[in-house]
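Labels for the chains are A, B and C, by order of writing; each one numbers its residues from 1.
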Amino acid sequence: MRRIAALIAMLLPLAALPARAEVTLAVSCGSVGVEARLCREGAEAWARETGNRVTMVSTPASASERLALYQQLLAARSPDIDVLQIDAVWPGMLAAHLADLSDRLDQAARDAQFPAMIANNTVEGRLVGMPWFTAAGVLYYRRDLLEKYGRPVPESWADLAETARHIMAAERAAGDTRLWGFVFQARAYEGLTANALEWVNSHGGGTIVGEDGAVTIDNPRAAAAIGEAAGWIGTIAPQGVLNYAEEEARAVFQPGQAIFMRNWPYAWPLLNAPDSPVHGRVGVAVLPRGTGEGGRHSATLGGEQLAVSRYSRHPAEAAALVVYLTSREEQKRRAVEGGLNPTYRDLYEDRAVLDANPFFGPLLDTFRNAVPRPAAATGTRYNQVSAAFRNAVHNVLSRRAEPADALRLLEARLHRIGRDGQW
Amino acid sequence: MSRRLKRQIGRVLFVLLMVAIAIYTVFPFAWAIITSLKSGSALFTASPLPIPPAWDNYVATFRDRPFGRNILNSVIVSGSVVALSLALGLSAAYALGRASFRGRGFLLATILAVSMFPQVAVLSGLFELIRWLGLYNNLLSLVFSYLIFTLPFTVWVLTTFMKELPKELEEAAMMDGASPFIVLIRVFLPIMGPAMATTGLLAFIAAWNEFLFALTFTLTDEMRTVPVAIALISGASSFELPWGRIMAASVIVTVPLILLVLVFQRRIVAGLTAGAVKG
Amino acid sequence: MVTRGPVGLSAVAQDRRRAAFWFLLPMVVAVLLVAGWPLFRTAWFSLTDARLDEAAPGAFVGVENYALLLRDPEWWNAVRNTLVFAIVSVTIETVLGMIIALALNEKMRGRGALRAAMLIPWAIPTVVSAQMWGWMLHDQAGVVNAALLGLGLIDQPIAWTADPDLALWAVVAVDVWKTTPFMALLILAALQLLPGEIYEAAEIDGLGPVGRFFRITLPLIRPALMVAIIFRALDALRVFDLMYVLSGNSAATASMSVYARQQLVEFQDLGFGSAAAMGLFAIVAICTVLLVTLGRVRLGGAEDAR
């Protein structure tokens, strides 16, 4: 059986003929809605072309529950799922269970992709996930309010806080007592890690753990960044933001109760739906940069990849399906129909893609230069690093610790978790 | 203050308390119904009335997924678990509650200890066991694994009730030469009615609502149970929460349980025990 | 445990004892089959450094995991959170459940409706109800704040689940809402088994309703009440979904189960996570022993049964 599969794997690239033997692949990608529909359509199109069959496996929408399920299945070497969609921070954690797809991505295609995505998905020289769509943190703002008060889109975090304070004070005085300045994700979950990494990195404070595995978080710039964010709570951001994930933040921004929101690109079509109160009044911009030396714009890299399970009974077909689903044509279709950010650079100049998603063009640099979380360097320990980091940040935000103290303790903790840089 | 007035005030306070409890328990469900009739941006507002009501959430629940099948799965699983636990539990309770033998306390303590582990700690062990038995992605795996929490509960509750029953009950029957099995079926089963109905109902709902095992031990949509099916309803993109639909599905699955309660009402508060125990 | 009674047991008693074995067997086999292996496995892994994401089986490390656990302040914080949560919520649930059960036991109008209404919270899947409350408690868009603001009880929206001190109480409120029906139903079943003539006698003795409750009802239903409390306490001490959904994985508000799950699932640390699960088990066991002792629950001695 295995030998036949290997034979097919060898023959497939040579002759572009559909595989003779019909196989059934279990594919686990998005959930219901646009994402699932696009994935199913793509997979079924491949099945028709090649004469194989696909079944879709639905998984929980919550990323952490999906990860737990995958880990359970993979730890048991279960062949029940062949192709799985994995999050930006999972390659390091799941690498041991995933097949190497390096030889499935030719040099030309590799060069045309965002390098950050390829780097993110390469673990010890093996490409364990094929980039499928990307995402990065962006700043949503109320265009109408900024225009009304003659304010530009904030360039730095300090500008953002100042603008927010100004507009909030004026609007509240005018009777809109429930308006807030800025909402983001500060609940103690993976989203806070993504948010806080943006603050730290935009101040030139590094990426928690460097690419070489050295712990770098205990530095004055990182402390300044987190201290600045703590100053927002209760002034321009409601106290409740400490328990907001993506949707809770949108629940404040969409009814028009906030001026700025940090979120992922998924919110764009929803904010502009016909029944949305802020329909047509929202702009998207790159996140502000930090003040001081080394300040820059940074956005945390998100997005999803497709991977092939090592325990798949049909690895060759599974890899072929992954190649098909992540191809340029398929990514274009998904961008136009579902607003999912492609990972091919040239698609950001494509007319059809830009017509559907006008903000893709101006934000190309944001997506291309997005900062990955330190998942590759920390490997299987990433979740521990992320939990320690977000708990430290959450303690500062809820005023139960000073930034410098929290980061000193965090650094010591990370050294312990990472066994002094070996990970 | 006259005694009569005091009584009156007491009555009013009691009624007020009952009303408060009713609001506390029912309001969230009412809110779920209201939410299930909202869609899009209306979900993010706390407005009390969905105008116009969006029935689409209910239609979509059955259209996009085999939700009817999921309900059937849940009924099969919870029903079998309860039947099995009650049968095993009643028989064990009869021994534990009516006979005395060495090590009984130890046995009861051990059974209770099974309920002391967090669910997540037994998850991977059960997962191995289920794969080994070849029950993965099969409803039997759920019937099997749910026993871990329904069985200790039923055994303990039934044993307690069994112990409380007067001794004379079975002695008469025993004198007539009835075997223990006959005594259990003829004498105790009818008396234990309310206790069995209550225990069964509580166990049924616990099984009906179980999520973690159901998520881990089944894979395809056709094998999912209701809580998992609801949790798997998701929005158009990865972060979006289709709140209206989730609520619609919750309302749909809660209604059968309420009907079940109404059907079991009689049994739960059956007045027959008092007469039977009198002896 | 020593079996009491005369040496020459009656034939009935001996018969019964032999029968007892066969009546117990199916249940014991079922429990062993379902729980034996998983529990043994957890106990064993707690003594190794096994990880779920590594193929190699863990090496035996003795009690190292336990030593680490006992030194982790986050664990003790989780223990404290859980104990506070369990004590407060079970107490409220018991009192409230008792009141509801007594009310439902009376012959009054609307009893059927109240009984069905009361069961609703218990019947909604926790995955859903926890999220539902999360949204109802949302500080800006939630209906709870909207209602309180509308009634003029507060003048600023309250961040129920964001403030670590408040979050625990929010979780208690939701748990009370969800599981009071469980208590009420079990107590109601116990009340139903009480013979009516006891009350008739009490009436003649001139006991008032309060006296009747404390002198007659409570002592009689105590065994059943204790079992209900024990099972509720077991559940409360293992609380997971509610904490997880309402206040996330924040170390400040985590319960013991949240902590154990994070180690086991999120960090894939099978050895240490199993040790945390065993730690949880030990604490639950201690609490149960306390409850059994203080509540004078008799594990043995059928002869004492009336």
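The working rule: a residue touches a chain if its C-beta (ideal position, glycine included) is under 8 Å from a C-beta of that chain, and two chains touch if they have at least 3 such contacts.
Owing to the predicted nature of the structure, the values given are computational and were not obtained by experimental measurement.
**Q** Classify the chain contact graph as line, ring, star, complete or other.
**A** Contact map by chain: complete.
**Q** Once you count every C-beta pair in contact for both, which comes out on top, A-B or B-C?
**A** Most contacts of the two pairs: B-C.
**Q** Whole-Å distance, chain A centre to chain B centre, using C-alpha means?
**A** Each chain's C-alpha centroid was found; their separation is 39 Å.
**Q** For chain B and chain C, what's the span in angstrom between their mean Cα positions?
**A** That pair's centroid distance is 14 Å.
**Q** Please set out, as single numbers or ranges, the residues of chain C touching at least two other chains.
**A** 52, 141, 265
**Q** At least two other chains touched by the same residue of chain A: list those residues.
**A** 75, 245, 251, 255
**Q** For chain B, what residues touch not just one other chain but two or more?
**A** 44-45, 123-124, 128, 231
**Q** Which residues of chain A touch chain B once you look at their complex with the stated criterion?
**A** It is residues 26, 30-35, 55, 57-61, 63, 65, 69, 72, 75-76, 78, 80-81, 245-247, 250-251, 254-255, 264, 266-267, 269-270, 273, 275-277, 304, 338-340 of chain A that touch chain B.
**Q** Which stretch or stretches of chain C touch chain B in the complex?
**A** For this pair, the touching residues of chain C are 1-5, 12-13, 15-17, 19-21, 23-24, 26-28, 30-31, 34-35, 37-42, 52, 96, 99-100, 103-105, 112, 114-129, 131-133, 135-136, 141-143, 145-147, 177, 180-182, 185-186, 188-190, 192-197, 223-224, 227-228, 230-231, 234, 238, 240-241, 256-257, 260-261, 264-265, 270, 273-274, 277, 280-281, 284-285, 288, 298-303, 305-306.
**Q** Looking at the complex, which residues from chain B come into contact with chain C?
**A** 14, 17-18, 21-22, 24-26, 28-29, 31-32, 35, 44-46, 84, 88-89, 91-92, 94-109, 111-126, 128-129, 144-145, 147-148, 151-153, 155-157, 160-161, 163-167, 171, 174, 179-181, 184, 194-195, 198-199, 201-202, 205, 208-209, 211, 226-227, 230-231, 243, 246-247, 250, 253-254, 257-258, 261-262, 265, 268-271, 273-274, 277-278
**Q** How about chain B: which of its residues touch chain A in the complex?
**A** Its residues touching chain A are 39-45, 64-65, 123-124, 127-128, 131, 136-137, 215-216, 219-221, 231-242.
**Q** With touch defined as at the start, can you tell me which chain C residues reach chain A in the complex?
**A** Listed in rising order, the residues are 51-55, 138-141, 157, 159, 161-164, 167, 247-252, 262, 265-268.
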